[in-house]
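Here chain A shows up in two complexes: once beside chain B, once beside chain C.
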Partner chain A sequence: MTGRLTFDAIVVGAGPAGVAAALTMARGGLNVIIIERGRFAGAKNLFGGVFYTHALADVLPDYWERKPPFERPVTEQGYWMLSPDSAIRVMHKSERYLKEPADAYTVLRARFDPWFAEQAVAAGALLITRTTVTRLLKDERGRVIGVDTDRPEGQVYAPIVIIAEGVNNLLTQQAGLIASDLPPKYVALAVKEYINLPAKELQTRFGLSGPREGVAIDVFGDVTLGLPGTGFIYTDQSGISIGVGMLLDEFVTHRLRPYEVLERFKRHPVVRPYLEGGEVREYGAHLIPEMGYDRMPKLAGDGVMVAGDAAGMVDALHREGTNLAITAGKMAGETALAAHQAGDFSAAFLSQYRRKLEGTFVLQDMKQYRRMTDFLESSPQFMGTYVNLLNEAALRYFTAHGIPKRTMEHEILKMVRERRSFTGVAWDMLKLMRAMRG
Partner chain B sequence: MNHRKNGQTAPVAEVELPHVNIDDLIVCLKYYVDEENAHIRIKDQAICAACNPKPCLAFCPAHVFETDRHGRMMVSYQACVECGSCRIACPFRNVDWRLPRGGHGVAYKYG
Partner chain C sequence: MHAVVAIKQVPDTSNVRIDPETGTLIREGVPAIVNPYDIHAVEAAVQLKERVGGGQVTVITMGPPKAAEALLECVEQGADRAILISDRKFGGADTLATSYVLARAIEVINAELPVDIIFFGKQAIDGDTAQVGPGVATRLNIPLITYAVAIEEFDLAARRAVVHRRVEQGIEVLETTLPVLLTVEKEIAPVRHAPLPRLIAAARYQPEVWTATSPVPFDPQQIGLKGSPTVVGKAYTPAPRSGGEVISVAALGLDAVVARAMAVIEQAHIRNLQPVTGVVS
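So, the complex of A and B:
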C-alpha cells in the first residue's frame, strides 16, 4: 500500500452509537469509515431486547419506510415481583400502544444492527467488518490521529476518531478519557436465552391478538435471589427473550453461576408455563456499564470522542441504552461535522459534544439517576424483603380464612414489622425518593 | 461473604441452584475459533494456584475457566462469548484479555 489510508473520520464499532455517528457524518458529506471486529455489524452484540424508536427517528426520519427488522411492538409492559413460589404482576396494556410505528419494539441485535449499519452504508459510509482495532495512533503531542488494526499495514488515519467500542473500553482508556477499568460493582453481567416458540402458541400464552402485539416484562425479587438486579421476559416474533442481570460483584461475592441463576428463573412456577416446549436457540452474555453519571469518562479529547456503552450511557432503571447510544452518536457526528467546518479538532472544540448532550435526555436522565446503582447495592431489602413481603401480604389479602378482615389487616402489618421496623421502612422510602429524584 | 449492610443477611446462601451443563448452552452458539491465537491467557499460574476461592470458576458465563487435576488453571477460550467479566473481576488482575482477531470468536445469530 502506498500513501496513508486517510478518511475524514473513523468510527470504531458498528453498534447503535457508531452507526448513528457514521450516518450523521456521511449525510453531512464526510468521508467516513466504520471498523467492526465482528463478521457483520451486530455479530458481537446482545441485549435484553427493548428498543426505543424516538432516537432512531431523529437520525433516520424515514426509518419506518426502510423496514427495520423489529420483532414485535411493545403493547403491554410492566413488572413481575417474584417470591420463591408466587408473583405479583403489575402490567400496563393500552390501545394507545397499538399505533405504529410504536414507541418501543422488541429487537434481536444480530438482526437489527446489520440493518442499521446498512443505512449508514447507503448514506455513503464505508463499513469494514472482521477487523479489530488494536490501538489508537497519536501524534507527538498526544493527539489522536488514527487507529491501528489487526490487518497487515492496517493503519488508518483521520483527524477525528469516534470510539463506539462498547462496554470493554480498551480504547477509551488508551485515549486517556477514563483512568481505569470499570470496577465490578458498577458493571452488570446479564445472561440471556432466546427460546423459539411458534408465533401462534406464543400469542395464546401471552394473550396477544396477533403479530403486531408484544409484551415486555421486567422481573424483580426472587429472580435474582433477592440481590440487586432484574430479570426480563420479552416476546419476539416467534420466540421469547428471557434473561437475568446482576452486578458482576454479586456473582463474585456469592459464587453464583449466571446460567444457573437463569435456569432457576426459568423453572419458577409462574414462569415455566410460558416456556414449556420452547427450544433454546441461543444463549449469550453481555456486560452493562452501570457506573452512572459521576463515573463516566471524559467524552472528548484531542481528535477523539466516545459514545454509547464505552461512555457508560445506560439508564438501567428504565432498561434504556440503545436510544442513549444513538442520540449520543448523532451528537458526536454533528460535532465532527462542525469540527471539519472549523478545521479545529482540539479537545476544547470537541467539548461542545458534551454540551449538546447536556441539552438532551441522555445526560439529564443519567444525572437524575446518578445514585441508582449505589442505592440498590446498599438497599438489598427492596429486591429481597419487600418483594417477598408483598407476595405474602397478597396471599393473606386474597385468601378467605373465616377470620375478620380487621384481624387480617393487623396480621399484615405485624408481618411488615417483623421484617423491617416502621422507621426502617420510612428511611428506605426516603432513600428511594432521593435515588429517583436525583 | 454474605454479610451486608444494615445487619441484614441476604438469603442467597440457602438457595440451591439447579445444575446446568454449560455445554448444552454453548452448543447452540456459533463460533469462528482462532486456533492460532488464544485471546485469553493466564498471566501467572502461581497466582491462580494461590487464589481462593477462584471466583472465575463461577462467574464466567461460558465457564471458560477450569482447574485441571494438578490445580493448573485451564482456559477454554474457544467457548468465550467475549463479555469481558474476567478482565475486570479477576481479583488479582491475572487475566490477559484481548479482543479476538477480526472475524473470530462468537457470532450471535439472534443476540
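So, the complex of A and C:
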C-alpha cells in the first residue's frame, strides 16, 4: 500500500445534502470525495414528490441551463380531505404557476439525484459509489479524522467529514452528535407506488393542458384512517406517485400494515378513477425523520458536521425536506471552506454552521413547527372527526331534500355539537394556532 | 505478460421483462451491467498478471458511448488500459462483424505490445451465441480453448500454458502454445471486492475511444449492418415441452424399464437425425 488516501473533505452520502456540500466545497477549490453506498446516487432513494427550486438556485444559479430531470412543474396544488366515501377538494390553480423555471416541480429522486451528483463531479468532486462507510476514524483526542469503508484498503482521511447519511443515522450516533436511534414516535414511514400512465391520459384525468403542467395533492382524513399522517398524489411526466406517510408508532399501535393502508387509499371511490388502467412500476417504503427541532442532533463536532435527514431536517407540515437538505449542505460546505482557510476544524469553529442555518428558513421553520408532531398526535380529531364532519356538512349543503335551508343549517350545527362540542372546537382551534405559531 | 480481455455491456437480465404484446425484451429502464462471465474474465487476467509478477491487462469493448461505464468497472477490478470501440458505423453488427472488429483491434494492440493471452466470457447473457470469442480466435489464427475453468500452468518463457476446460463428461486438460484465446466459465476466478484505491483510480480514468476510422481504419465492408449477414427471421418463446413418460422401476422391474427407455431414445434419435441426412444427401 502506498501512503494514506487523503482529501480535503469527505462527504458521506450522495443525496441532496451531501451533493450540495460537495458542490460548494469543490467550487471553493477543495479536493472532495463523496462516498455513496448505492449503485449510483439516488439508487437508494424512493422519493417521488415536490421539489422546491429556490435552494437549488442558491447552490447552482445556472441549474436551469443544465437541464435538471424534473417531471412536471406544479401548476395546481392543494388538499383533498377524505371521508370514507367522499372528498372535499381545495385546489389552487394560477396562471402565475405557469412561468418557468417554476417554484416547484414534481421529481423522481432516482432520476434527479444522479443528475445533481453529476454537477458536483463536473465541479471537481470525486464520486465513489457501491461503497459503504462503516465507521468514523478518530484520533487519540476523539476528533474525527476520516472514515473507514467496506472496501479493502478502504480508509480515507480528511480534516473534515460531512455526514449526509440519511435517516439511518449510525455515523451521527458514532460521532456523538445524537444519543440514540430515533424513537418510533418521531419517525414516519412512507409507502409509495409509482404508477405508469401515458402522458396524454394522465393529462386528461387531471385536467392538465400539456406536459408543462402538473398537480400536487396532499390528502388528509380517511387516507390514514383518520390518524395523524398524510397521503399524497403527484403527477410525474407519464405516471403518478401515490403514497401514504404515518408515524411508525401509529402503524404499530393500530396494527396497520403500510401496504394495506396504501391499497385502501388507492381503492377510495374518489381516488380510484385516476389510477385505473395504470401499471404499478415500483413499490417501496422509506423512513422520514420527524424528530422536530427539539430532538435534532448537535450539528457539529471536532472535524465533523451533519446535514439533511440525518440531522432531522424535515418540515413535515409543508412536505419539505429536500430543499432544507440542499441549503444545509451548502452551509456545511461553506463552513468547511472557512475552516480550511482558518486551519481550524474544531467543534467551536464548526459551530458557525449552526449559526448560519439559524439565519435561514431551515432552522426557523423547524423551530416554528417544533410542536407539530406532538400536537397532531394529541389531537386526532383534526384528521378524523373534523374531516368527516366537513364532508357530511358538504353533503347536506349541496343536496336538496325539500327541506328549508334554515333547518339544514341547524342540522349541520347539531352534527358539529354532537361530534365535538363547541367549546371543544374552540379549544382545538386555539391549540392549532399555538402549534402553528411555534 | 500482456493480456487482452474483450467484454460486453448487457442489460441486467435478472431485471428484464418481456413485453407481452410483442414478445421482445423491454430494455427501457433496465440497468446495464458488465456481462457476468466477462467480469470473471477480467478477474482471471488480473490474477494471472499478479501470478507472473507483473504485466498489463487491456480491456476492450465494442458498444455505444454508455459502454464506457462497463470499462470503468473493469478498471476498478484491476485493468490497466481500457479501449471503447464506438461509432455509429459499428451499429447493427452480428457476431461475424463483431469478431472482425475485435480481432482487428487486438492486432493493432498486439503491434504496440505483443499479446500473450486473450480472454472472453463464455457467452453474453443477452445473445447467448458464444460465437464471438471463437470467431476472433479463428480470425487471429491462434489456439482457442472454450469453457476454461483454470489455468494450471502459464510459462511465458517457454510460450506454453496448461488450461482446464469444462466438458460434459468432466474436465479436459489441454496444453497450448501462446498466444491463446480462452472463453471462460465463472469458476476461472472469483470476483474480488475491488479495493478503494482502484475505485478512485477508475473514477479518474478516461477510456480511449476508437472510431471506425481512428486511430486505425476498419474495413467498412466488414463492419456494422453491412458486414452482418445474419438476419433474425423471427423471435418467439417456444412452447414448453409437453408430457414425458414416467416409468416405474418398482412396478416393471429394471430390465423392462431400461428396454423401454432405450426404445424411446432410439426413436427420438432417428427423428432428430432425419433433417441432417436430408441436407447431406
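Here is the rule we go by: the second predicted complex is superposed on the first by the 437 of 438 C-alpha atoms of A that agree within 3 Å, B and C clash if a C-alpha of one lies under 4 Å from a C-alpha of the other, contacts with A are read in each partner's own complex, and residues count from 1 in each chain.
Simple rule for what comes next: a contact is a pair of C-beta atoms (placed from the backbone, for glycine too) under 8 Å apart; a residue touches a chain by one contact, two chains touch by 3 or more.
Given the structure is predicted, the values throughout are model-derived calculations rather than measurements.
In the superposition on chain A, contact of A:Tyr283 is made with chain B only, not with chain C.
Once the two complexes are laid over each other on the shared chain, residue contacts for A:Thr131 go to chain B and to chain C alike.
Within the superposed three-chain model, A:Arg257 lies in touch with chain B and out of touch with chain C [touch as defined at top]. After overlaying the two complexes on the shared chain, residue contacts for A:Ser378 are found with chain B alone; chain C is out of touch.
In the superposition on chain A, A:Arg39 makes contact with both chain B and chain C. In the overlay built on the shared chain, the residue A:Leu5 is in contact with chain C alone; chain B does not reach it. In the superposition on chain A, A:His340 makes contact with neither chain B nor chain C.
When the shared chain is aligned, chain B and chain C each come close enough to touch A:Arg151. The contact surfaces that chain B and chain C form on chain A in the two complexes overlap at residues 39, 130-131, 149-151.
Interface residues of chain A, counted against chain B in their complex, comprise 37-40, 42-47, 108-111, 113, 129-132, 149-151, 167-168, 170, 181-184, 187, 189, 191, 193-194, 225-227, 239, 248-249, 251-261, 263-264, 267, 280-287, 378-381, 384-385, 424.
Chain A makes touch with chain C in their complex at residues 1, 5, 33, 39, 126-128, 130-131, 149-156. Against chain A, in their complex, chain C makes its touches with residues 31, 192-197, 199-200, 203-204.
The touching residues of chain B, when paired with chain A in their complex, are 1-2, 4-6, 8, 10-13, 15, 17-20, 22, 25-26, 28-29, 32, 53, 55, 58-59, 61-63, 81-85, 87-89, 91, 99-103, 105-111.
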